[in-house]
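The following blocks contain the structures, represented as structure tokens.
Both complexes below contain subunit A, partnered by subunit B and then by subunit C.
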Partner chain A sequence: MNPLAERVITCPTCLDKFGWNDAELLQYSVEEGRYSAAVWPDDGNPDKVADARSRWYVRCPNPSQDSPNHYLPATYVDYDDPLVIALVGRPLSGKTHLVVAMIRALLAGSEVGTTELSAKALDYYQHVTFKRKFLDTFEAGKKLPATINESGSHLAWLAVESGNVKRPIVFFDVAGEDFTKAGENGRHTRFLVAAGAVLFVEDAPHVLRSFAESRDLERDLSLSSPFGASATNEFVQEAIHRLPDGGRHLPAVVALTKSDRLRYLAPADRWLRHDPGGRVDPADLVAESRDVYALLHRANAASLTKLYRDFRSCTMHFVSATGGAVGEDNQYRSGIRPTRVMVPLLSLLAMAGVIPMATRTEGARR
Partner chain B sequence: MRDMRPVEQILFGLTAQGGLGITKASNGLSTYQRQRWDHRLDKYNRLNPTIEANGAWLPPKAFSYFEFESGDAALLARFDNDEDGRNSSHALVGPVEVLAQHAMFLSHWDGWRVNAHEPLRIEDPDAWHALHDGWLDEADDTVRRDPGTLELLLESVLSQESPYVTIFGHRDPLPFLTIAREILDPIVSTPGERFEWTFSTYEDSDTRPEASPDKDGAPRFWCVLRLPESGETARRRIGTGREPAESSFSPLARELAKRYLAAPTAYHKDVLAELSEVRRREQRLAHLIRAVQAPVPALHVVAQKTEGLPQPSTPDPHDPRPRRAAEPGIRTQSLKAPRSHRPGERRRELARRLESLERHVRLQSLLLVAAVAISVLMALLTLIFWPVPSTVQVPGPTVTLPPTAP
Partner chain C sequence: MTGTTEADSLSGCDLDGRSSRWKLIDRTEIHLPGSRLRTCRVQTTDGATLVLRTPYSAGDESSRMLLDNEIRALARLTRAFPGWRPRPFPALVGYAMDTLEPWALFHDYLGVPAREATDRLLGSDQRDFMVNVFDALAHLSQVEVVHGRLGLDSVRLDGDRIQLVLFEDAALVGEPDRRRTGRVTPETDTHAAGCLLYEAFTGSPPRDGQPDLTEVPLLASRLGDLFTVSGPVPEATEVLRRLGREDFPRIEGADELEAGRAAFDVARERKRPRPQPAPAPPPPSRRSSRLVVTLLSTAALLLVAVVCLVLIGVSA
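Showing the complex of A and B:
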């Protein structure tokens, strides 16, 4: 009998709470795309059972009956309630590239420094799809596919451990357009209701239009707004409206993506060359947030500076998921060099209590 | 009688507000209708690549046809003109009664707009009938090269009461869907119950929520290049590299494919005639299965009739069957113009006729040459061996003179 059998858990897909019951374990068939009763290893060898269990599932009972069938990994109950990280930003701001670069670094264990943070895939089969579609494409130096509009589907979930903390992290990444569309009665963005942390993404060309490349201007018509950076970021506004109480109690970071375009602009250049060495240094977080805020303020990016004032715990960062712009052939010809992608994630995890408290309180704006 | 609304058009692409949205729409659509169509189609109008071992793959264009419970339909063409992760697309929206009959035949329509900011070409849907024969010929040729896939598709439709199918492994599945429709629609669309031939020729996964048969508008036929490694699907998966299980419908699927490919034009008329008295779908299937299993199968007899030079399938004015157009609830077939001989088939028939004629001429020539040779030989032999007439000594005339007087 599983001692956690009576635990009440929250499903990250339908957001329902229910008593965990793994009496009916299921295994997945890739060929049929269906779940069927799990077949236990013949000899009941505990090691084999544990290995098999890592690929078994439990059907979410979805008490509200408002979602199609969905399944949770059988090991889901071994961890604390998940931390749902919501990515929010305009279309084409680089949300997917950023989160894939973060997950890649997290799984590789690089750039985690002294935090003793480790991560592994929680849903074996979903991770196989994620790896093929995103991680392998990223490694191959190619542009990632756009995010498709899907209701209730998270991009990836990982199980992270740091000291005594064992917690799933669920990354929700939806197309930017979904924040302003009422499709499926807002179900595409319902994950915001369960968000435990928010990662706001804005790209440098939208803040400083003079740093946009000709290709950006040709293809992204929103860069031609007469208001420039002071244009209303309706995508961020709509997301905040969906967050309970405006999300002010949630840890939040603002990542200024495509900051490689600012590599000759002070003080962005200094931060891009700064190697944090995996440390979550409160002084660094404050200093970087100050510099990003100053740059946003100078550019009249009021919708972003407001985030820093409104959210009780918030840091701001220069990041570049790829280190350069993609070529006409959708390849990163000079290679992919993610820069500072782990800094905002570590800051977020520190503020959310996943990594040690000692590093979180001083860095964030409080 | 339903109000026959016109077919309207919508272009989707990158908008000035940012992200994918409506860039242009025909004047017949109100703001509310535009928003409604945007909400309906936005989960389907992305063209996401399939990641293969040797890189990402996308079709240059993909077509999806949706029918909604409200009676609305949409034919969506998506184009691989990736603009920073956002492809453009062009939708024809209108009543099911109009779009259903053309949905599979518009891949070569020159009104499609790849550039989401180009002017629209407004056209009377009746003009699209002209595209049917050309596309059918092209589809015929493709399917003849791979009849196994066609049989698989036929079996999957025949063996399920309400089929929702994933077809995987084909980069260009539309020809197979077209011919499957030609073969099966006279059987599975019954008076009063039309079969919806809804489809999407390219998707990256069949486990997305939008692929679920429970979703209003989810197409019956959902094509992916490769199967995803995760997620649940309620669809039956068929495709390359998977040995199909032999079912009780497999022989019928093979027989129908054989009959159609032998004489595409005659097929439609023959099957309709054969099933004229059988109204319900399951009864029709039972009838056809019995015919296939019978020792002297009726189907075989019918098929034999069509061998050689096919008889033209002209509509019979004395046919007692009610015209389908007059039947309430019948939509697809009712508006479809009766198909005459298609140019490709005519060409094939003509070739067969010419070959036959040529054989006849060659044989007759040979016979003529032989006859002439025999005649010449006979003449020669006659000349050579003609007996020389023997000379007859003709006795000279004997003249007896009367004695003369001394």
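Showing the complex of A and C:
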């Protein structure tokens, strides 16, 4: 019996709380596509059991009975309650590319610097699918498919460790349209109720429309609107209405995606080259937020500057998930160069108490 | 911006990020000593002569970075001095970086490399050349750009005008230097400018960066500290002042982000937790006030008793 057996946990899929019970451990068969009773290693070798357990599951009892069958990794109970990170933004703003670039960097451990942050996949089989569908496609320099999330479930979850903190982080990414359409009575965006941190995404062409490509203008009519595309962002506003108490108590970041379009425009030209070395430096966070805010203010992107004013802890960042624009053939012809994708994530994790803040005080120049 | 390079046209974006296309009718490669990028002078169908810079081989990441450095620096300068004439740098016209064969288009280069022309500088020409070099550096410092490889090959001369080119190693002030051992500072350029002037006036570069200034009284009299090893190196505007120039380059137009930064500062200040007012001193406790009342009452009684005794004594 697991010593934590009676612990009450929150399911990140149905958001129900229930007492953990791993009496019925399950294993997943890829060939059969179904779950069956776990088979314990014959000799009971603890190392083998631990290895097997990392691929076992427990069925979520879903006390509210409002979701189809779903399963939690057996190791879920080894960690603190999950930090649910909600991605919020308009359609085609680059949410999925950003979160995939973040997860890629997080798993590679390449940009975590002095935070001593490590991450691993929590759900083995889900990660295999995620890797094939998203990470491998991204790595091959191909455009990711548009998000179609019919179940409103999370995109990915990882177990992160930093010092004494061991916590799952769960990324919810739904189609931008879902924030304004009450799909399945709002079930698609129900994750907002459980959000522990919010990652707001807006793309640079919506802020500075001269930087939109002709294909952006064809696909998104709001970019050609004489009333402006950036002053209001209905997707952000609708999401905030779903957050408990407007979410103002939650750590929040605003990521200005596709900032590679601004790579030769100050101050983005400096920030995109600024390597924080994996540090979460409060002075840098303030200096960059100030510059992003100033750019949004100049572009009259009022609904985004409001986020900084309304959310108690909020930082703003220039990011580029791919480092460049995609070609007509949906390929990133010069390869992918994710730029500063970890900065907003590390800022969120620091504000949520998962990793420590650095203490250096010197800010970056403009 | 997605860019394509066809035989006679370039698709990319202009300085403001707008999708643009340039049709070329002629392309002639020019040799630029010291450059690690291919350079061609091109004619467009609308009659303009421009300079096209590209990496020598497609997919070469280090050359791509050199081009990126150059575009970034010259984009800053072109935006900051849109109407300045003559510009001491080639203005950026367009670029495409999201392609296997990235490129950048600039306004045509002036004259010839200074290495080919400085032997013709005499008397007041030398002084004008000095002023123009530091005037160009003052433009750079206004936008926090450091050229990073200033020399006789990266300065072009056309009569009494000069132009800085080859911004392949340019960086912004405060960024890590090429060796990543320190930070980029404008002093790198002012020191390099001193060395290039010395070479221009004497025909040979200073040995170990330490010139014999007795050969060049023009430098020795006012700019000896350009070559200092330990002390501070003067800024370009300070050098211009010493050379008698009082009108320095200034960025044209207001800082468009200033109002937004001020708004951020106000918003941030409002979010700061307000300091709690200092707690009022605690009211005196009942015990101590009772003690005060007792003492005052006793004093009053004693006073009355003394007065009575005095009155009795007087009446007796």
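Worth a mention:
To be clear about the criterion, the second predicted complex is superposed on the first by the 352 of 366 C-alpha atoms of A that agree within 3 Å, B and C clash if a C-alpha of one lies under 4 Å from a C-alpha of the other, contacts with A are read in each partner's own complex, and residues count from 1 in each chain.
Keep this in mind: contacts are C-beta pairs under 8 Å (C-beta built on N, C-alpha and C of every residue); 3 or more make two chains touch, one makes a residue touch a chain.
Quantities reported herein were computed from a predicted structural model and do not represent experimental measurements.
Annotation: superposed three-chain arrangement on subunit A; subunit B versus subunit C shows no clash, the two fitting side by side. Looking at the shared chain after the overlay, A:Asp80 reaches neither subunit B nor subunit C. Within the superposed three-chain model, A:Glu213 lies in touch with subunit C and out of touch with subunit B [touch as defined at top]. Rounded to the nearest 10, the angle made at the CA centre of subunit A by the CA centres of subunit B and subunit C in the overlaid structures is 130 degrees. Contacts of A:Lys143 after superposition: subunit B is touched, whereas subunit C is not reached. Looking at the shared chain after the overlay, A:Leu265 reaches subunit C, while subunit B stays out of its contact range. In the overlay built on the shared chain, the residue A:Arg298 is in contact with subunit C alone; subunit B does not reach it. Once the two complexes are overlaid on the shared chain, A:Glu116 sits clear of subunit B and of subunit C alike. Minimum C-alpha separation, subunit B to subunit C, in the superposed model: 14 Å. The residues of subunit A lying in touch with subunit B in their complex are 28, 30-35, 68-71, 90-92, 123, 125-126, 128-129, 132-133, 136-137, 140, 142-146, 148-153, 175-177, 180-184, 219-222, 224-225, 234-235, 330.
Across the complex, subunit B meets subunit A through its residues 14-21, 38-39, 42-43, 46, 48-49, 51, 55-56, 82-86, 166, 204-210, 212, 214, 227-233, 235, 237, 242.
Residues of subunit C that touch subunit A in their complex: 1-2, 13, 15-19, 64, 68, 71-72, 75-76, 79, 92, 95, 97-100, 102, 143-144, 172-176, 256-261, 263-265, 267-268, 270-271. On the side of subunit A, the complex with subunit C involves touching residues 208, 210-211, 213-214, 260-267, 269-270, 273-275, 286, 289-291, 293-298, 305, 308-309, 312, 324-328, 332-334, 364-366.
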